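Residue numbering begins at 1 within each chain, and the chains themselves are lettered A, B, C and D in the order written.
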Amino acid sequence: MTIALTDQPIDVAAALRAAEDPAAGAVNAFIGTIRDHSAGRRVVRLHYESYDAMALHQLGRVAGQAREKWPMLTQVVIIHRKGTLEIGDVAVVVAVSTPHRADSFAACQFIIDTLKEVVPIWKKEEYEDGTTWVAAHP
Amino acid sequence: MEITLSLFGIAREIVGCSTLTLDAPAGQSVGELLTHLRATYPALTGLRSLALAVNNEYAQPADVLRVGDEVALIPPVSGG
Amino acid sequence: MTIALTDQPIDVAAALRAAEDPAAGAVNAFIGTIRDHSAGRRVVRLHYESYDAMALHQLGRVAGQAREKWPMLTQVVIIHRKGTLEIGDVAVVVAVSTPHRADSFAACQFIIDTLKEVVPIWKKEEYEDGTTWVAAHP
Amino acid sequence: MEITLSLFGIAREIVGCSTLTLDAPAGQSVGELLTHLRATYPALTGLRSLALAVNNEYAQPADVLRVGDEVALIPPVSGG
């Protein structure tokens, strides 16, 4: 298992290698990148802030929940970037391996969906004429 | 008892600092502290959600705070 | 769009880069690797045989079907290896990008599921004491 | 008419060669050719499925073969 928070660019290839396992034939990976637009506005860059200790603890919990639901999971890799990111930069990588492919899709999707609900990381979008903390208001 | 509260994201911006030291009554609950904070910083009431974390876990309103707890105010998360 | 059949090792990192797109925030990738066991037998290596012209044509059809079902797909990458592969080698990479993540999971899973049904590629598993063409017999 | 059939995987091993030249009656259908092949190479009947591809597409039994068609015998696929 690999769980990481980093202010350095994420090495996606290394994350995928960490997810591979000779006992597993299927790796599914989700890679979240910075889009150039959001809700119709042009995004210039993003700023990610993290409550590091709790974020790492919660990432570990999400990985543990995934292992309970998919006991056949052979590897789980979750790496989240923090700091200032430019368009196209990788913000998050989730990669899992399982013996059969359907489990790899389901487990990876569970992890990224749950991560977005519970892990204390916040992103502020910067536009040409202002900024917004994403999802802060109804 | 003294509670040190960590603040993040828009909650940090609303309150204006990243840590806040509060003198709370002994036995104060998570719900009571949230009510106090919303009263002191009304802009917090406009958020989609607001939670307290105690020792890296999301706390329930009835949970009682203890000296030495790591307490943080958690506005709506938006990782990923 | 990238569609490829190759007898050379697949560069997974390059495949993922080809799937990224500034207009898309979500990349989902499936990576199929060679497992060290199959139906309880130890696998030594695998041999993939392809009807190249038809396989490329059918891979293009699968990508086209995915684009019809998920018109928001920004990139589709499908690379399949052929020839002799050792344990842990990458046999196939499917990577897609979409603006939102749920579509990336669904489109990637559709592509790999459909690929396995229709693309004329055959694998022969080699064990310590024999070989089998996978799925050939009921 | 002369039909050149490409063979792959276990079908190639059963028949013993990777291309087969057949003298088929004009207007022969895909279904008729499959029946002929199964009769000539009975081991083909043990496969989970057996299809003919004509010009890179899966053909239907009623499709009629024409001179110059690229015809291939497709045993159960197992890519991925």
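What we mean here is this: a contact is a pair of C-beta atoms (placed from the backbone, for glycine too) under 8 Å apart; a residue touches a chain by one contact, two chains touch by 3 or more.
Since the model is a prediction, treat every value here as computed from it, not as a measurement.
Peer 1: Which chains does chain B share as contact partners with chain D?
Peer 2: Both-contact set = empty.
Peer 1: Taking each chain's centre as the mean position of its Cα atoms, how many Å separate chain B from chain C?
Peer 2: 48
Peer 1: Please compute the C-alpha centroid of chain A, do the same for chain C, then give the distance between them in whole Å.
Peer 2: 23
Peer 1: Residue numbers in chain D touching 2 or more other chains?
Peer 2: 80
Peer 1: Among all residues of chain A, which ones touch two or more of the remaining chains?
Peer 2: 32, 101, 112
Peer 1: Run through the chains and report each pair that touches.
Peer 2: Inter-chain contacts occur between A-B, A-C, C-D.
Peer 1: Which residues of chain A touch chain B once you look at their complex with the stated criterion?
Peer 2: Chain A residues touching chain B: 32, 48-51, 53-55, 57-58, 80, 91-92, 112, 115-124, 133-138.
Peer 1: Considering the complex alone, what residue numbers of chain D touch chain C?
Peer 2: 6, 8-10, 13, 46-48, 53, 56-58, 70, 72, 74-80
Peer 1: Would you tell me which residues of chain C are touching chain A in their complex?
Peer 2: Residues 12-13, 16, 20, 22-37, 87-88, 97, 99, 101-102, 104-105, 108-109, 112.
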